[in-house]
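Look at the two complexes coming up: chain A is in both, with chain B in one and chain C in the other.
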Partner chain A sequence: MKSNVSTAATAPIATNGDTILSVQDLRTHFYTRDGVVRAVDGVTFDLARGETLCIVGESGCGKSVTALSILGLIPPKIGEIVSGSIRFDGTELTTESEREMRSIRGNRISMIFQEPMTSLNPVLTVGEQISESLRIHQRLDRRAAWDRAIEMLALVRIADPKRRAGEYPHQLSGGMRQRVMIAMALACNPQVLVADEPTTALDVTIQAQILNLMLELKDRLGTAIVLITHDLGVVAETAQRVIVMYAGRMVEEAPVRELLNNPKHPYTRGLIGSIPRRKSGGARGRTRGRLQEISGLVPSLREPIPGCAFAPRCSFATPRCITEQPPFEAHGPRHFAACWEVARIEATSSDQLVSSPT
Partner chain B sequence: MTAYIVRRLLATIPVMAIVALFVFFLLHLTPGDPAAVIAGDDASPADIEGIRRKLGLDRPIWEQFGVYVWNLLHGDLGTSIFSNMPVMTLVMQRLEPSVVLAIATLTVAVAFAIPLGVLAAWKADTAVDRVVMGFSVLGFAVPVFLVGYLLIYVFAIQLRWLPVQGYRPLANGVVDTLRSIALPAFALGMTYMALIARITRASMLEVLSEDYIRTARAKGVATPSVLLRHALKNAAIPIVTVIGIGFALLISGVVITETVFNIPGLGRLTVDAILKRDYPIIQGLIIIFAGVKVLVNLLIDISYTFFDPRIRQ
Partner chain C sequence: MSSAEVVLRVKDLKKHFPVHRGVLSRVVAHVQAVDGVSFEIRRGETLCLVGESGCGKSTVARSITRLEEPTAGTIELNGVDITALNSEALRAQRREMQMVFQDPYSSLNPRLSAGDIVGEPLTNFDLAQGAELEQRIAKLFEHVGLRPEAVNKYPHEFSGGQRQRLGIARALAVNPSLIIADEPVSALDVSVQAQVLNLLIDLQEEFNLAYLFVSHDLAVVEHIGHRVAVMYLGRIVELADNADLFGTPLHPYTEALLAAAPVLEVDGPRERIILQGDVPSPMNPPSGCRFHTRCPYVLPECKRTDPPLLEVAPGHHVACLRRPVGDSGAPLSIA
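After this line comes the complex of A and B, so read on.
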C-alpha cells in the first residue's frame, strides 16, 4: 500500500487503484556505428494494477525498446537505459542487479513477443518451455512443473494439452504457439504482462481469439497489461488508456474513447483521421484497420531533435515547433498531448485535417 | 525416424558403387601397362608377367570387373603383391591404432573446443574472445609434427611421464593404450580443437541472436542455462558435422602423426603401400576410407535427428 510517486513530475498519475509500474522520463539509447540512436527519448507513464494500457505508433518509434527496457533486456554494450526511472511495485528496476531482475522476469513481469514462429525454442517441447519458468521461480520439481504446464495449456484452451505438452513448436500452428507463449508468460501469475504486438503475425480470425483470451485471463488473474500494437481496432477493443508514441517520445495520452473521439495531436489525428472517408467508400466504419500512412518520413533518431519531432510532417508547424520541444501537458481531464498548437488545431474541423494522399 | 534412417542408408549405395567403379579402373586408367607400372623400373619381363597373372590382368576386362565386384561384396579386397596377405587382414591389423587415435584425438579436441567456443561466443568481442580465437589461429598454424616433437621432448624425454613412441594394443590393457596414445592425441587434437572451437563460436553466435534466446531471458533463465540448454543444442548441427568430418579425415589422414609417434596404423600402411606401389592395398584402402566417410556421414545425418526434432519426420 505505497504510492511512491513523490516526485511531482508533469506526468499523468495512475487513475484507478494503486500504481504497479511507474516509468519516469525513460531514455534508452543504442550505440551503432553510425552514431547514437535515441530509441526512447523521455517516456513517462503509470500503470495501475489490472489496467490495460495500449502503446501505439509507427514502426521504429520505440515501442519494443520501451518494453525491453522495462524487463531490463536491452542488450548490454549495444544499448543502455541512459536515464529515467522504472519503479515496479516499489522497487527501482533500472539500478537492480541482474540476479534480482532475473527473479522478476517471467515471474512478476512477463513478456509476450510478436513472432510466435521464432520466439519458441525449436528443440525443446512446449511442456519443457512452460515448466521452465515454474521450476525457476516457484521451485517446482520436474513432475509438478509438468503437471502445471499441462494445466496452463488447458487454460489457454489448447485441445488435448497432455499430448501437446510433449510436442515441439514446429508441430503447432501460429495461433497455438502464441497460446503457448501466453501460457508461458502467465504461468507464474505475473502482476504485469508486456505484450509486444502479440497478434500482428497472426491471421485476422485468430487475432480476435488470442486477444479475447488475453483479456479474459487478465481479468481472471488481475494482471495489468501493457499492450503494444499497430492496430487501432485492437486499441478500441482492448485498451482503457492509450499512449501514442512518435520518434521515441510520447505525443499523446488519453483514455481510449477520449483519444479516438477527440484526438489533439496532429500525429494522432493523422493516424485516425482518414478513417471516416473509408466509411463513405462503403467499407465498415469505426476505427478498424492498421495505422494510416502519413505522408513524410519518420525522422532519424541519430540526431538530437531540438523541437517537435513531428514538425517536418506537420501542416500546423510554426518556427517555434522546429526549435522548441513542446511540453507534454494536460489539455483536458486525463488527456495529455505534446503540441504547441492544440488550441489552433481544435478550432479546425477534422475534415480539413485530412490531407489528401499524394 | 526409421524411414529417415532407411532412406539415408539406401542413399549410400550409389556412392559406394561409384567409388568401387573408380577404384577398379584406377589401375587401367594409368597410362601404359599396369603390370609394368606396378613392377617398377628395374623389373624383368618375367616379373611383369608374374604380376600380370597374379592380378588377373591377362583376362578380359569385364571378367576382371565381375570378379572384382563379386569379391568386394564378400569382403575380399584382394591380396597384397609383396606380403601375399589379404588386404582386408592388413587393414584390420592397422585399423585399431588408427581408430583409437582418431577417437582419442576428437575426445581431447571436443573436451576443450566446445567450452572454449561457447565461452568465446558468450564473451564475443571481448578480450576473452580474442584470446580464445587467437589460440585457435595458433592451433591451425603450428604443424602437427612440431607440436608432436615438442610434446615428446617435454612429457616423454624430460618429465618421463609418457612413452616416447609406439602403440600398445587394447588387448594388453586400456591404461597402457591411453598412455601410448595421449601425446599423439594432443598433438593431432590441436588442429581439431581450433577448428571445432571456431565452428562452435560461430554457430553459437548465430543462435544467441535468435528470438527464442530473448524469450528465455524474458523468462528469467540464468546465463549458463541460456547458453547450454537453450543455445548449444540449437547450435549443435554444424558442430557435430565438423566432428564427424574430423573423424573421417583422421582415419585416413593420420600419416604424419603415425610417423612421428611410430604407430603402426592405416596412415603407415598407406605410405608403405604407395612407396612399394602395392596397388591392391591402395585400392583396398580407398574403398575402406570411402566407406568410413560414407558411414560417418550417415551417422552425422542420424545424429541430427537427436538434436533437431524437425528432422525426425
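After this line comes the complex of A and C, so read on.
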C-alpha cells in the first residue's frame, strides 16, 4: 500500500506482496478525426488482495477506459495505452500478447461491463454464453458447465433459471441482462473483478443482493474488486478506498469514510453536494427543489490541459490553477488530493463551495 | 379531473410474450410481462414507475410507444386511441410522445453522428433545417451538458453516461407533450444527474410537459415525481401521490421496497432490509395475490383471492386484502 506519493508520475511501484494489481501512471488515448482524445491522463493505484476500491467521477472522465485498459480491451488502431504500467500478480499486462490476455481475461481478471448489450452475444442463449466461458477457462464438460451456469443464474436471483438459461438477451429485462453478465464474471472465481456500474439497472433489493454476492466472493477467495459506480450510497457501503477522477486524472483519493466526511477537492465536494437525498420522517414526499449542480462543462480532452482540469468550473481557481497542474499529494493520512488551494478550501464550509445554479 | 387535462390514459394494458419449446417451436406458455395495468398522466405531471427488476416496467413503456404490440388494452394519447391507429396516423402522434430508452447503446444508430441522431426527429417532422437545425442541436447539447464539438462524434466514441444524454437530447428535440423515459439517469454521476433532472423539471414547468419516468432510484423518484405507481409482477400494486406513497406506504411490497432503499449515511454503513423469498416467475405467477409468496403479512385468503386495485383514501390506490376500506372509510391497518 502507498505511504506517500508526491506526483502520480513518480509514485513508487509497490513491492508489497499483498498487491495484486498495480496501475502506474496509465495514459490511454483515442485517435479520432478531430484529434487525440486523452481519455486517461495519468492514473495510479495499487489494489491489495481482498480490497474493494471504488472509482467515481463525472460522466466521461475515463473510468470505463481505465477498466478497459486493465483488461487489454482498448480497440487497436482506434486507441492505445500510450504510457504507464499495469502489473497483475507480477506480470506486466501492457506488453502481454493478445493470446495471453485471453487466458487471463474472464478467468483471473473478469469484468462486468457497463452496458450489458454491448458485451452479450445476441445470437447465443445466456446459458450458452455462461457455460462457454466455464468450458474454456474451467475445463468443465458441456453438462457440468450448463448445470453450473444455471446455478450462477440462480445465485444472481434470476427466477426460473432453467428456463431463462435457454433465452436470448433480448428476451430479458434490462436488470436481468446485467445480472447475466455478473453471473458470467463471477463464474470463474477471478482474482480481480473489475465491475463497471454493475448495479445501475437494478432495483434496490436486488442491488443489495448482488453487492453481497460480490463481497462474499471477496471473503471466500480474496478477490480484489475495482468498483466503478456513481452511486455514492454503494460506495459508502462497499468500498475501503475511493478514487475520484475528473477529466482523465485522479483528483482525490482517501479511505471511504474520510472521503465522504472530509472531501478536500472542490469537485468531490460538488459531487457530494449534488446527491438527491431521501427525506426521513415527516419531511417525506415531493421535494422538487433544484438539485445542486456543478455549473459549466467538462473540458475538452482534445487539447492538453496545462493546469488544473477543474479550473474553469472552480470558484477557488487562481491564475496559477490555469497554468500549472496541481500535484497529487498527501493532505492527511492516506488522503491525497490534486489541488493548489486545499488549505483555503478547508477553511470554507462545504455549502459555499459550489457555484449555485443559475 | 376533466379528460382534457389527461395526456395519456392506459386502460387494462396487457402484454404476454409467447414461450416456444421444441423443434416445432410450439407455444407452450406465455410470459405475462404486463397483466392489466391502468393509469393516467395529466398535462405537466410526472408519474414515476418503480418496481423490481423484470416486473414489466420497460414493457409498459415500450407498449405505450407501440414498440411492442399490446396483447390487450387501450392507450389514449390526447384523447386519441392509438392502439387502433395505422402506421401513418401513428407517425403523426409520435411527435407528441418521445421515448428515452433504458439501453442507450442499442437504441442509437451507430452510423449516424451524434448531431444527426439528435437532429433526426427535427428533420423527420420537418421542424427545422440548415442553420436553424444546427442551432437547435447545439442548444440541446448544451442543455444536457455535452460539449458543442461532440456533434461530430459517433455513438461508440461516447461514455455510457454521455450516450444516455444523447438519448435525452433526442427525445426533447421535437417538444413533445409526453416523454416516456426508461431509467433516463441511471448511468449518470450525481452532478450530471442533478443537471439533467433540473432540466427536466424546468422544461416541465415551461412547456407543461408530462413524464412517465421509470426509475429504480427512489431518491430520484421522490425528487422528481408527482405520483408514483409501484409494480409487482406485471401489475400495479400501489398508486399514490408522492407524499402519500413515501409517507404512508400501504402495500407490503412498497413497504419492503422503501425499507431496502439506501439512504446515504456518511458515518456508517446503511442498513437494508432485504425482501426474502424467490422472485416468482411471470410465466406462472402465484395464485391469488401475486405477492403472497413473499409477503410478511400473508393471510390464508391471500392465496385464493386476487386483490383488485382500490382507492382506499383520496388518490391512494392499493391492491391488498389487508387494505379494504373500513366502515369509517379509512383503510384497516396491517398486523
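Points worth noting:
Going forward, the second predicted complex is superposed on the first by the 294 of 358 C-alpha atoms of A that agree within 3 Å, B and C clash if a C-alpha of one lies under 4 Å from a C-alpha of the other, contacts with A are read in each partner's own complex, and residues count from 1 in each chain.
Keep this in mind: a contact is a pair of C-beta atoms (placed from the backbone, for glycine too) under 8 Å apart; a residue touches a chain by one contact, two chains touch by 3 or more.
Treat the numbers as computed from the prediction; the structure is a model and nothing was measured.
Taking chain A as the reference, the larger set of touched residues comes from C, when chain B and chain C are compared. In the superposed model, A:236 lies in contact with chain C only, and not with chain B. Applying the stated contact rule after C-alpha superposition, one finds that A:60 touches chain C and leaves chain B untouched. Contacts of A:312 after superposition on the shared chain: neither chain B nor chain C is touched.
Within the superposed three-chain model, A:42 lies out of touch with both chain B and chain C [touch as defined at top].
In the superposition on chain A, contact is made by A:203 with chain C only, not with chain B.
When the shared chain is aligned, chain C comes close enough to touch A:175, but chain B does not. When the two complexes are overlaid on their common chain A, residue A:298 makes contact with chain C while staying clear of chain B. Within the superposed three-chain model, A:255 lies out of touch with both chain B and chain C [touch as defined at top].
Legend: residue contacts after superposition of the two complexes on their common chain; A:110 is shown touching chain B, with no touch to chain C. Touching of chain A by both chain B and chain C, each in its own complex, is seen for residues 115, 118.
Every residue of chain C that touches chain A in the complex is listed here, in rising order: 17, 19, 50-54, 58-59, 102-106, 145-147, 149, 152-153, 157-162, 165, 182-183, 186-195, 197-198, 201, 216, 218-220, 222-226, 241-244, 246-247, 256-257, 260-267, 269-270, 272, 274-275, 278-281, 283-284.
Residues 125, 210-212, 214-222, 229-230, 233-234, 307-310 of chain B touch chain A in their complex. Within the complex, the chain A residues that touch chain C are 30, 32-34, 37, 56-60, 63-64, 114-118, 157-160, 163, 171-176, 179, 197, 200-209, 230-234, 236-237, 257, 260-261, 270-271, 274-280, 282, 284-288, 290-294, 297-298, 300, 302, 357. If you check the complex, the residues on chain A that touch chain B are 71, 73, 77, 102-107, 110-111, 113, 115, 118-124, 132-133, 136-137, 168, 170, 181, 184.
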